[in-house]
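Which chain is which? They are A, B and C, in the order written, and residues in each are numbered from 1.
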Amino acid sequence: MIFLKRQLPLAITFVMGVAFALQYYIPHPVSEAAITKVSDWMKIISGFALVLGIASVFHVHAVKIRRQAPGWGYSGVLFAAIVTTMAVGFWSGGESKADGSQTAFGWLYDYTMVPLQGTMFSILAFFIASAAYRAFRARSPEASVLLVSAVVVMMGRVPLGQTLLPGMQISIGQFLFKIPGAWDITQWLMNVLNSAVRRAILIGVSMGSVALSLKIILGKERSYLGGGKDQ
Amino acid sequence: MPEQLIPTSVVLGAWVATGLTLFIYSFLYKDNPLFKLGEHLYVGVSIGYSVVLVWYTVFFRLLWEPLKKGIAEHPAALGTYEPVIPALLGLLILTQFFPRVSWLSRIAFAFIVGFGSGVAIPRTVSSYILKQIEDTVNPLITMGANGLSMGFDLASPQSGINTIILLIGVVSVLFYFFFSVEHSGPGMVAARTGIYFLMIAFGAAFGYTVMSRMSLLIGRFRDLITFAGAEYGYATPVLLLVTVLSLAGWELAARRKGGEE
Amino acid sequence: MKGLLKDLARRMIAIDRRIIFLLIACATLLPLLNPFGLPIKVSPEVQAVYEYIEAMPERSVFLLSFDFDPSSKPELEPQAVALLRHAFRKNLRVIVMTHWITGTGLADGVVTQVAAETGKTRGKDYVFLGWAPGGYALIISMGQDLYKAFPSDYSKTPTLGMPVLEGVRNLRDVNYMVSLAAGGAGIEMWYVFGKDKYRFEMAGGATGVIAPGLYPFLRSGQINGLIGGLQGAAEYETLIGRKGMAVAGMDAQSATHFVIIVLVVLCNVFYFALRGDKGKRV
């Protein structure tokens, strides 16, 4: 039983990991067929994994309703929304459109989901402004650099900043000097300075993720197995 | 030319969309029942929508239809029943809900994680590490029609001077995150340089985030302006008034209850 | 006098945040109602995407992946509309799909709307494959065999034999690909699991939040262009000569940025005015 609960999953991880790491370097038709087949399977398995996530949300709110915890009425609203959307969806055959016209499912998506999701994230605009006002202070040289960089990018990425600070060319004798505008500085900042930092972070994080993947394949990292004393 | 009438379903949809938008925005005043209602509706509709799509895409399109077609055309062929394998693995994932047999889900997760880790390693090394290092060590001096030259044009990202700045930036930031070596002496200079590069990048990230969030707000306001028109029955001003009055009523009731207590 | 100024600074720093919310709301609303129409400057990274599509011969295969959901609609939908208008104008064969389940209806709506206004036919000039799960596994699956990855399109029509997909076996047969992404399951995933092995050219359209992180890929040539945020969409609309939602929103974008810059400057002015108060928390 211990073999089935512990050794078998680790063996599967090892075999799958090594096989598909090596597959990248083997252009043989059998190797290509293997990755085609398994990636098709992964699509189906991912669908079941989504069910897991959805069922977890169900469970949390079902417990809240059963215990009549504070705010359980809203959990009832959530359930009602899920059931209604599913009912409408199945009634419409999962289609947003039928014969060129919008189905009830499509209507629900366009007039409830799109505005709700859009508004939820757009509200952050107000909080970012409020946070910038309260917290964005040049307390140190580093904070000052951050502040100046943010202001330059905010100016350079909109037409107003590009118009107010367009840059100019000055000729002194036979020399021509170009004084960069907000747009030019922003482009340089993004393409050179920002790229340098992002590249360094990317290289560092990638090396870490490769190390983690190797640890998983070799069985040193087992947290994905879900814990328990027989891990 | 006669004005094209907007269908009733669209007008009704406009009212629903405007109402829900204003319910969410009411959070700007204070957390309140209208916002909570909108919030829970959002989660509920998203989940319901996802369930329907997963059902029709995964279970119908990827599982049921190929199986049905295969059994009809080649019932004896082993390949026909191949979709059963991922289906079984998927069902193993769902054993997580039954504590006595939840260990079976480890087999499915091992399959998924093993495959994912395996395919990621060579691709990550190639795309994120090798290609990025390759571009960092570009030649500074190039051979042109006029002989050897080095570019000093800051406006050109690929020029020699920018390559030097990029190299200094990448190395100093990588060094800053290397905590196994003490950041003292020349190391401290490198680490401090890295910090300043990081601050510039974070400032740029903040600027872009502001741009992004404001764009989202502009999009929602554009819809609210559209739905304020006569063709939509003045949905925005009417529902704005309803929302404000509801909030005022709720605030008064809450204060009265607080006063009594 | 100094005391009055410090008192003002103290009160301004503690101002109710709802006043700031109101300022932002006005800065957004007023330019939308009364636009002032400033010129849009085009960046080289957006120009690169435009020039690549412009140079593509008729009936070339263009893959557009809507890797976002309604939360990023205001930024990425204008990019999608502009790219589709350009692609249909060039008579390219357009394949549309999405990795984000909640973005499926949005993608279908956009491609149907733009196809209708340009007189394009589903199945012949374009196809919307819809959503399928798997993320990177889906890309690998498409790279090996497109018809196994998507046996039918979003409207349940079998993909095998579709005129728009003639000669397209897998991702190697795609001439150009653009991923419009709002997060992790997007441009980087398409490059790592797609372009790296299957060698199609690709570019990215990103929200402002993730765009800075994509500049290393742009520099190294892993993506040939990058359309960043609403500004990027406005630049692309300018290039195709058809101003739309993005250009219309840029005045409001300018105004809100200006307000935030003023707020940040004021905050620092008040902070430095009060910094002299020893022992007092600012």
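Going forward, a residue touches a chain if its C-beta (ideal position, glycine included) is under 8 Å from a C-beta of that chain, and two chains touch if they have at least 3 such contacts.
Remember, it's a predicted structure, so these values are computed and weren't measured experimentally.
Asks: Return the chains common to the contact lists of subunit A and subunit C.
Replies: B
Asks: With chain centres defined as mean CA positions, report which chain is farthest from subunit A.
Replies: Max centre-to-centre separation from subunit A belongs to C.
Asks: Express in whole angstrom the distance between the two chain centres, defined as the mean CA positions of subunit A and subunit C.
Replies: Here the centre of subunit C sits 14 Å away from the centre of subunit A.
Asks: Provide the C-alpha centroid distance between subunit A and subunit B, rounded to the nearest whole angstrom.
Replies: 4
Asks: How many angstrom between the C-alpha centroids of subunit C and subunit B?
Replies: It comes to 12 Å between the two C-alpha centres.
Asks: I need the residues of subunit B touching at least two other chains; which ones are they?
Replies: 28, 46, 49-50, 53-54, 57-58, 62, 115, 119-120, 123-124, 128, 132, 135, 157, 166, 201, 204-205, 208-211, 213-214, 216-217, 219-220
Asks: When you check subunit A against every other chain, which residues touch at least two of them?
Replies: Answer for subunit A, listing residues that touch two or more other chains: 24, 35, 38, 40, 42-44, 46-47, 50, 109-110, 113-115, 117-118, 120-122, 125-126, 128, 132, 147, 150-151, 154, 157-158, 187, 190-191, 194-195, 198-199, 202.
Asks: For subunit C, give me the residues that contact two or more of the other chains.
Replies: 21, 24-25, 28, 71-74, 101-102, 104-105, 132-133, 137, 140, 197, 212, 216, 219, 229, 231, 253, 256-257, 260
Asks: Residues of subunit C touching subunit A in their complex?
Replies: Within the complex, subunit C touches subunit A at residues 13, 17, 20-21, 23-25, 28, 38-41, 43-44, 69-74, 101-102, 104-106, 108-109, 112, 132-135, 137-138, 140-141, 144-145, 148-149, 155, 197, 212-213, 215-216, 218-219, 229, 231, 250-251, 253-261, 263-264, 266-268, 271.
Asks: Note which residues of subunit A are touching subunit C in the complex, please.
Replies: Those in contact with subunit C are residues 24, 32, 35-36, 38-40, 42-44, 46-47, 50, 95-97, 106, 109-110, 113-115, 117-118, 120-122, 125-126, 128-130, 132-134, 136-138, 147, 150-151, 154-155, 157-163, 183, 187, 190-191, 194-195, 198-199, 202.
Asks: In their complex, what parts of subunit A are in touch with subunit B?
Replies: That would be residues 4-5, 8-10, 12-21, 23-25, 35, 37-38, 40-52, 54-55, 57, 71, 74-75, 77-86, 89-90, 93-94, 102, 105, 107-126, 128, 132, 142-143, 145-154, 157-158, 178, 180, 184, 187-207, 209-210, 213-214, 216-217, 224-226, 228, 230 of subunit A.
Asks: Would you mind writing out the residues of subunit B in touch with subunit C in their complex?
Replies: Listed in rising order, the residues are 28-29, 46, 49-50, 53-54, 57-58, 61-62, 65-66, 115-116, 119-120, 123-124, 126-128, 131-132, 134-135, 157, 166, 201, 204-205, 208-222, 225.
Asks: Which residues of subunit B touch subunit A once you look at their complex with the stated criterion?
Replies: Against subunit A, subunit B makes touches at 9, 12-14, 16-18, 20-21, 24-25, 27-28, 36-59, 62-63, 82-83, 85-87, 89-91, 93-94, 96-97, 102-103, 105-115, 117-125, 128-129, 132-133, 135-136, 154-155, 157, 162, 165-171, 173-174, 177, 194-211, 213-214, 216-217, 219-220, 223.
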